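Here chain A shows up in two complexes: once beside chain B, once beside chain C.
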Partner chain A sequence: MSQYHVAPEDLHDWVRGGSGSIASMSVEQHVARCQDCRSDVAALVASAPTHAVPDLADVWSRVRDEIELPPASGFERLLARLGLPSSDATLVAAASSWRGPWLTALCAALVFVAAAAAASASDSSAGTSLFLLVAPLVPVFAVALAYGPEASGALEQESTVPYPLARLVFLRTAAVLIGSVPVVVLVGLFLPGRLSWLWLLPAIGFTSTVLGLSVWVSPMRAAEGITLGWVAAVACAVRFSTVMAVLDGRYLALYCVLLIAGPITLIVGSRRFGTIGRIT
Partner chain B sequence: MSTPTVHLSGVGKRFRGAVALEDLDLSLRPGITGLLGPNGAGKTTLLRILATVLKADNGTVSLLGRDPNAPDERTDIRRRLGYQPQELGFPRGFSSFAFVNYMAVLKEWSETRTRQAEVRRVLAAVGLADIATKRISRLSGGQRRRVGLAQALLGAPDLLVLDEPTTGLDPEQRASLRQVLAEIATASTLVISTHQTEDVAALCERVIVLDEGRVHFDGPVKDLVARAAGRVWLADDAEPSAQTSWRTASGGYRNVGASAPAGAELVEPTLEDAYLLLRGTRSSESEAVTA
Partner chain C sequence: MTARARDDGQLLSALSDGDMGAMQTLYERHASWLSVRLSRRCNDREVVADVLQDTFVAVWRSAARFRGEGDVAAWLWGIAIRRLVSRLQSRQAVIVMSDLPEDPSRSTLAAEEQVLMGIEYGDLGKAMSRLSPEMRAVVQATVLDGLTTREAARLLGLPQNTVKTRLHRAKAQLRASLTEGSS
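This part shows the complex of A and B:
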């Protein structure tokens, strides 16, 4: 046994992590060999305030997390870097809208819209009709696919949590629109005149309507209903006037009303009923 | 006696005119209550009302002393509620850890480190700690049910509602699950719907038998079993007057609800015998009413 011991103040610094690297190694070597100093260390650790000594269980838990847990997805990390709280980033990243099948479906729809836009740009009325028929429905289905029971599969469990369901839906809707609308807008820029931006009003109005109707029916069912109505409206416009009639002033006002009414209905309805979509 | 954590009075629920629950009165206290009944008896509807997924059409419901129809009170209930539905759904591509972590976020565990520790705790409790990062789509049916149970256990809920938690589990997993649930039930109210009478016999102090949306038995498990005392016989042949009989592994026939066949041996009834007898009595009554 060594006849020399570490000075009490040095031992004190070492226990609290205040020693320099060389002093720390020296103390460590001595303590490993000296029973008396180990006893002093034990006494110092026991008497130290809890915040002064690292919580070993916590340290071990962190080490396990580093080794065992899969890292957050790149998209989740990006959202967190953009300032979204990490819990919200987890919820948004969980939406199926960032998975392969969903993105493939969106790309297929956009190729279709781009073809229609190209045809429309060459002054073809059929191309314009096709574009107006399809383009406003792309965000509608993108949103419906992103959070309905068909998409997450966990709606029943999600309906029993304290987290506000309307907020969950808005978060996912925002994620979907951020992903899909810019691309569709770029495609729309190839269109002539007012059409290049006016079609966005029915698109966003219908998307809002899906949100509102999802209080009572599944988002996909709501999207299907809207599609039927929109196809009928476009067909009537082509039959009795021109397709541009669906972008007439009074209809644009209607789309604006839908845009406002949808989220309000979702907030009020989900709070009142406590669920979204129909569970039977 | 402690105050009821769940109180239902005159509760009814219909789907497109069909009665799912009718005039149901129920009070539950901490401990485990088993729900038995045939398919379509109204068990899942009752559990969904207890889990705040469905609203009753009529009657009053109080959960943990609060009204689930009032939005703010419903949120308070959900903070203290765990629910495992009959049909489990999982987002595509998720691992057990990712799914339970996702549900933990929805259950307001916003601080990452605390949340991850809680997710680890519940996954360990259901025996999934070692495969926590494996994709759910690659898990067996029993393991998936345990993922569903793990998310229900988050935060040690005061009210735990489990719809067929033991379906698809092997005997060892079921024994382990019983241990977990028995521990929770010391402080919480557990309601379990199942078709497995042995789970009810092993776990529950109280059993409720539902049929056609109504309560047909509500009381201690031993009271239901006692109803079958003296009515279960082991004989060399199936007794025609028996309500039900089947050949056992020993070669004899177990006759339930029979008058004593010649040379038969009276045996101790099980909960399954008692349940079958209760169901048989119900069927006879229905037939008599129809006739």
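This part shows the complex of A and C:
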């Protein structure tokens, strides 16, 4: 370590940002090597805080907060990298549909349905009916389970924080759909003809209806109501013509109306009441 | 042994065991000069605060990677200046390099500087002062701050080739004035 030190007034000038570039270069080179001058700098900064240097106590508390926080999960980091704010990423990652058991159960059920459908490759077979009965309801229940107070203990805490509820619901819904729809789509690819993708329309129509209805009732109740209606519709179709009747043009238009009406109802309703269903 | 009595290398090795006291001592010793030095390169106080935060968080997470070779202060600066560069990459336009002109009336300062320069650089200080401010900025970023030409280009907001050309010309000029001075 050098026996020479930076003159006090030069050090003072450097800290205030008043020294020229050559002078500050030499001060910097010296300070980087000299512990005594570094503690002089610390004393100068502490005794008279300058506007140029940030509030060190504040930065320290931020550093401490960050290193004491548990590290984010891999999925959260992925979402954050995709551009989602980190607080949103945490909320999305907490959605129950991303947990292993949930996805495993979903896959198992669908593989079973697909096997039945694939075994009988005609439009009116029992396998096709079964797929058409189950597939549109999968995202509906995935979404309902992600919020229903029955399923989520975290929701009570979440609904007390000042965070727009409608935004929370939409974010979660997106997360849930991204988790569950691809699995069903994959299974659907094994089915013949336009059925393999047309079922998506009632699926998202119903999901959006759950969101809309959740202004008044809990998402789980809404999902149950939709299930009853859908089962009845499919049963009638099978009884009086073929199951493909539920994918007739007129009904497809109805699903589109549901798809658009749901989110609008949720936004308007949550603004007006400040509550969503039993979630207040 | 208290945190105060330990040297920087010992503090760093304590960090990998999760010693928050060592972390605080390290911060108290180094945050001031790092923030002053950073604020000479970026005049946005918020950016400097963020970079300082990133730096110490990175130190906490990578303390185990410090092998005890070289100086802790130099290692810290290496992290800090690279955090600043990557911050500039993601957020543009707020950064202005400070480049105050030399004040010739400060003759009392000049004598002190001579001593400093004599120790650290020999006649390099005089030679540096003959460079244009643009070239000096390039020399500062590459030689003194230890950045690669690519990182220096980002810090200064210049194309990489410009940095290379300026550095090349600056080195030639420095060599010329140093040989001239010794003859």
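Brief remarks follow.
Following the convention adopted for this analysis, the second predicted complex is superposed on the first by the 187 of 280 C-alpha atoms of A that agree within 3 Å, B and C clash if a C-alpha of one lies under 4 Å from a C-alpha of the other, contacts with A are read in each partner's own complex, and residues count from 1 in each chain.
In the analysis below, a contact is a pair of C-beta atoms (placed from the backbone, for glycine too) under 8 Å apart; a residue touches a chain by one contact, two chains touch by 3 or more.
Bear in mind that the values here come from a model prediction, so they are computed numbers and not experimental data.
Annotation for chain A, partner touching more residues between chain B and chain C: C.
Contact with chain C, but none with chain B, is seen for A:R33 once the two complexes are overlaid on the shared chain. With both structures placed on the common chain, the touch criterion links A:P182 to neither chain B nor chain C.
Within the superposed three-chain model, A:A23 lies in touch with chain C and out of touch with chain B [touch as defined at top]. When the two structures are aligned on the shared chain, A:G229 is found in touch with neither chain B nor chain C. After overlaying the two complexes on the shared chain, residue contacts for A:L56 are found with chain C alone; chain B is out of touch.
Once the two complexes are laid over each other on the shared chain, residue contacts for A:E9 go to chain C alone; chain B is not touched. Once both structures are placed on chain A, chain A residues 62 are touched by chain B and, in the other complex, by chain C. Contact residues on chain A toward chain B in their complex (touch as defined above): 61-62, 65, 68-70, 85-87, 90-91, 94, 96, 99, 101, 149, 151-163, 168, 271-275, 279-280.
Against chain A, in their complex, chain C makes its touches with residues 20, 23-24, 27-33, 35-37, 39-40, 43, 45-46, 48-49, 52-53, 56-57, 60-61, 71, 73-74, 77, 98-103, 108-109, 112-113, 115-117, 119-121, 125, 128-129, 133, 136-137, 140, 144. By the touch criterion given at the top, residues 2, 4, 6-7, 9-10, 13-15, 17-33, 35, 38-39, 41-42, 44-46, 51-56, 58-60, 62-64, 66-67 of chain A touch chain C in their complex.
Of all residues in chain B, only 15, 48, 51-55, 68, 71, 74-76, 78-79, 81, 83, 85, 87-95, 97-99, 101-103, 105-110, 112-113, 115-117, 120, 132-133, 148, 151 touch chain A in the complex they form.
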